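Both complexes shown next keep subunit A, but they swap its partner, so subunit B is in the first and subunit C is in the second.
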Partner chain A sequence: MRGKFLAAMIVIALGVGARGFFSPADARVSLEKCTLCHGKPEFRKILVDGKIRDLLATGETLKGSVHEKKTCVDCHFDVSEIPHRQRPKRVVCTHCHYKGNAEGAPQSDAYLEYFGSVHGTAIARGNTKAPLCQDCHGSHAIRKAKDPASAVARRGVAETCGRCHIEIYAQYKTSIHGVALSKQITEAPSCTGCHGEHKIYGHKDPKSTVFATHVAEQCSTCHASVAIMSKFGIDSEQVTTYQNSFHGVASKFGSRTVANCASCHGIHDIRPPEDPLSMVNPKNVPATCGKCHPGANPNFAVGKMHVDSHKKESGVIYYTALFFKYLTIGTMLALIAHIFLDMYGRSKRLRGER
Partner chain B sequence: MSVDEKKNSKRETLEQEIEAAVAEGTADLEPSEAEKIREKVRARVLEEVERERRIRTAAERRAEERRRREEKRREKHPEEGEMFQRFNRNFRFQHIVMFTSVILLIITGMPIKFPDFVLSRFLVNLWGGFHNSTIVHRIGAGMLIYFMVHHLFYTVLSRQGRRDFVLLIPTPKDARDLVQNIRHFLGKVPEKPRFGRFSYIEKFDYWAVYWGCVIMIGSGLFLWGESIALKYFPKYILDVAHEMHSDEAMLATLAIVIWHFYNVHFNPDRFPGTLMWWHGEISEHEMKEEHPLEYEEMMAKRSKQEAAEVTNR
Partner chain C sequence: MSEESRNPVYVERMSVLFRMQHMLLIISLLVLAVTGFALMYHENRLAQALISLEGGVLYRGIIHRVAAVFLMAQLVYHAFYMLFSREGKRELNEVWLSRRDFDDFLQAMRYNLRMGNEYPRFGKYGYKEKFQYWGATTGVFLISVTGVILWAETFSMRFLPKFVLDLTLIIHGYQGLLIFVVLLFWHLYIVHLHPSVFPMNMAWLTGKVDAEWLREEHPLEYEKLKGEGIL
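What follows is the complex of A and B.
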């Protein structure tokens, strides 16, 4: 009771709820009463733009969703009389979803990241096209993210994001990650795999997981993992070799102009190097490198890209490294030995003199 | 003012002496002809005297300055003895250019080799970000290239440079010196090897810098003009250049920090370092200690000169 009262107070405080004080008990409208109208299959509304809005909502609507045990007015609590005179307001999820709630919602504040995200700030600025909770999670058919049928499950989330980001969705769908995911390879990343879930930022925002200097780190969450990469026969050292290269070091020190993974491999349209459409296909390498190194020619593609000088496969580079390794060790050992002999002689003579 | 007056009076007496000599030489000639010759001689002599005086004043000023310094030092450290010039001004300038550029190159280059080292981020941000750090690295590279070119010209064109170059060529004596020095360190032989102008340690340093400069500048130019280099060479050649640049940088840095710093800074004889790189002078005491053969050579030359002066008189 006390919890409900508090919840009602918060609703008032948020300025979303009622125009006056009302007892939560009064607001109870049973499900049967709603289905009087909303249970009819032909109950729909024609909007001004000609679209038909289906208003069907029966006892089955919430079945299987996380809100299975809730009733209509638990969310549509501004409906206090039947028939309601106005269109009910948009449901406010934070009514229940906050840490410390007594409604049985998950005790999590994770959604708070949404308000700082590119979507949340767009909403705050008054962009009506920006998504709210229900735009991604669904309105009645909300399921847990782990449930494959959920709109935000790994397999389905790309389609959900693609409802607005249609061009990117098309690129992603034909990319190696999109294709892999559609082949039921659950390790492959979907949108949220790289961009994050609630904390999605624009790629020019330094907070973003896909900001220029964070890209390598983001890709390395999977591509540096031997456990994942060995399954698909992909080299897991690509990340290390990149990080040790000039590009990787410059990126580490905050250079935003230097190449990161996405500069060469593509962003949403990443394809395997054998694919003729791939940016890293040897035929396309001059064009890809040419984005930063004007006048790039086929010479750019001669030799391995991700070179590891410690590996014998690197050929002449490996032998150069080997030569310098032994030269350095040999020279330094000789020089240090000379220094220690000198010091030994000095201390000996010093003792002798005393 | 008094110096100028003194010089003027000196000049007047000299003029009078010459005048007298000319008068004596032309005594039996006709007056008009004698006057002509006298005029000619006077003009020529005046020219000569003037030039001499000009040369003297510059040289004298330097000598005076040096003498005063010497006196001061001798009062402070009477045991050091006379000062000799070991490195001339040109040579010291080259060394200063080189170590400035090498320090710049190391502090802007090493963070790229060791990005996770604690100081790396600080060293990069010192210049205001990575991009600026790469610019400073190229400034250092430009200085090192200038040094290399300067030194090559110095070696070819300057007498001192040619002489030093010849003396820097390794000889069998260096191997013998090395063996004797190690035996001396171990206490097998009581006396140190007697070095000439350059000991084998200094020769090693010199040729190490040569090798380092060739590798670093050669590979560095490939990396500097990567677009041009890739027009003519495949990518793996650039990777080789990158590997060489990175590895030789490590070797050079270690050699400088451990070997050179020990020999010129941490060595108990030198600690915390001498100012020889600045004034280029070495004391008689040090000379006898470190370069006895050169000292003897100089002394022999000096006594020969003195003897020659005596006979000339």
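What follows is the complex of A and C.
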């Protein structure tokens, strides 16, 4: 009797202590209670459209994820009774993920960029198909982006994006970048490599990294790098030669109609020129140029496209430029020499007359 | 002879029509140079400011081509005028290149280098003026050819390989630079810095020059006018 009383007192004291000193969530639903239902593999719901929604969640569900030490109600905090009468609301990640949080989440403001992005604004406008955090990062199996098993890891993110952007994913998968990435070439860009991570904008939004006038710059982050390009035997001067061409200068000064890298090489379906499906394969060049230059014929494919007149490899063009350079300098010098000689002669003439 | 003691007599050197052609040439060449070099040196900050001033790349191109059409029209008009009008024929005769001009040049050089005693005596146009005239005319003609090839880029690309167009672009730019350099230095010299005209030969505005200047710099023309009784 006495022992029982003492035990009860200790429990109450602990309860009061916990209430007073730790967290008010002592009425939290425990994992054990959730798994009463959610721990059964056959626990699923048939949705209106006939799809089956698997509702299985056990103690193993969070294993290996960044939230390994969390429990169900840490995120599903609107569940306060078992069984819950309503479907729990979608988890709001920003509950913990903000700069200055005390929950142990990374101190990062990166998520803020999401709200201005094409996805965030679509959500704000009420588009229920637009993705929230968990649609890309995963709901239970969230891993760090650097973890190769993560849904947003460089190798896996295309598949994640492809769940909604199906056709683009199919194009990308067979493109030179997609193929390279599947061959474990980690330099190859995935979706986020060009579009950014949280701050993804529509390609017609001037803020976008792939807006018409930003494309060259975006491609140049890798394609102007000798360190990256030399590994694959690709010329790293293609961006420079583009920037010095009529197309490049016009693009730099804000023309949105002029050709950028993607206009000729493709967007998600970029392939090497040897590939018969490549837009810059000699067979396809007339059609590619013809998009802007009606009447383009096979002659458009003759010769090198990216030419730098300052390089010896350009042959006649280089030597012509060199010839004209010295011709101009020579002419200038000859003119100046003549001017001085003639002035001198004139002064002599005037002296003679006096 | 001091300035006050003589009563200067002026004779016409540039008729109204030629002064107008000259003026139009100044305008179109300057517009072409400003718009053209802005593109040629687009990496330069000043060039970038100029392109913005010209309303961006698109309008820069339009301005350049409008000025080019204007210049080519002037060239055609000038050719017809020089070949078929009475005044033009006379001027063409004066400015026509001959062996004599080369000899004059050599003689002037010999004189300037103290290897000869006689400075050449020029007619209305000496070798300096003729070099300027023919240099600019040939330059304008040639740059028009490359310019048209580049303008009709889609048409050109159907027949010429890309390589030729790259070459044309290089040549076009350097031709422009060469014309600019020749006109700038030569004008600076013959009509500005030359002590006999400094700071400027006013003939391009008034059309007239001092007969005394003519006697000193273009004695053959002076004697011819004297012979014709104009002076």
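Quick note on the criterion: the second predicted complex is superposed on the first by the 305 of 354 C-alpha atoms of A that agree within 3 Å, B and C clash if a C-alpha of one lies under 4 Å from a C-alpha of the other, contacts with A are read in each partner's own complex, and residues count from 1 in each chain.
Simple rule for what comes next: contacts are C-beta pairs under 8 Å (C-beta built on N, C-alpha and C of every residue); 3 or more make two chains touch, one makes a residue touch a chain.
A quick note: this is a predicted structure, and the numbers were derived from the prediction, not measured.
Of the two partner chains, both subunit B and subunit C are touched by A:G345. In the superposition on chain A, contact is made by A:T331 with both subunit B and subunit C.
Across the two superposed structures, the residue set of subunit A contacted by subunit B and also by subunit C is 249-250, 252-255, 293-297, 299-300, 302-305, 307, 309, 314, 316-317, 320-321, 324-325, 327-328, 331-332, 335-336, 338-339, 341-342, 344-346, 348-349.
Interface residues of subunit A facing subunit B in the complex, by the touch rule stated above, are 243, 246, 249-250, 252-255, 257, 293-297, 299-305, 307, 309, 314-317, 320-321, 324-325, 327-328, 331-332, 335-336, 338-339, 341-342, 344-346, 348-349. Subunit A contributes residues 244, 249-250, 252-255, 258, 289, 293-297, 299-300, 302-305, 307, 309, 314, 316-317, 320-321, 324-325, 327-328, 331-332, 335-336, 338-339, 341-346, 348-349 to its touches with subunit C in the complex. Taken in their complex, subunit B has these residues touching subunit A: 111-112, 115, 120-121, 124, 129-131, 133, 182, 184-187, 226-227, 230-237, 239-240, 242-244, 247-248, 250-251, 254-255, 258-259, 262, 267-268. Subunit C meets subunit A in the complex at residues 39, 42-43, 48, 51-52, 56-58, 108-109, 111-114, 119, 153-155, 157-163, 166-167, 170-171, 174-175, 177-178, 181-182, 185-186, 188-189, 193-196.
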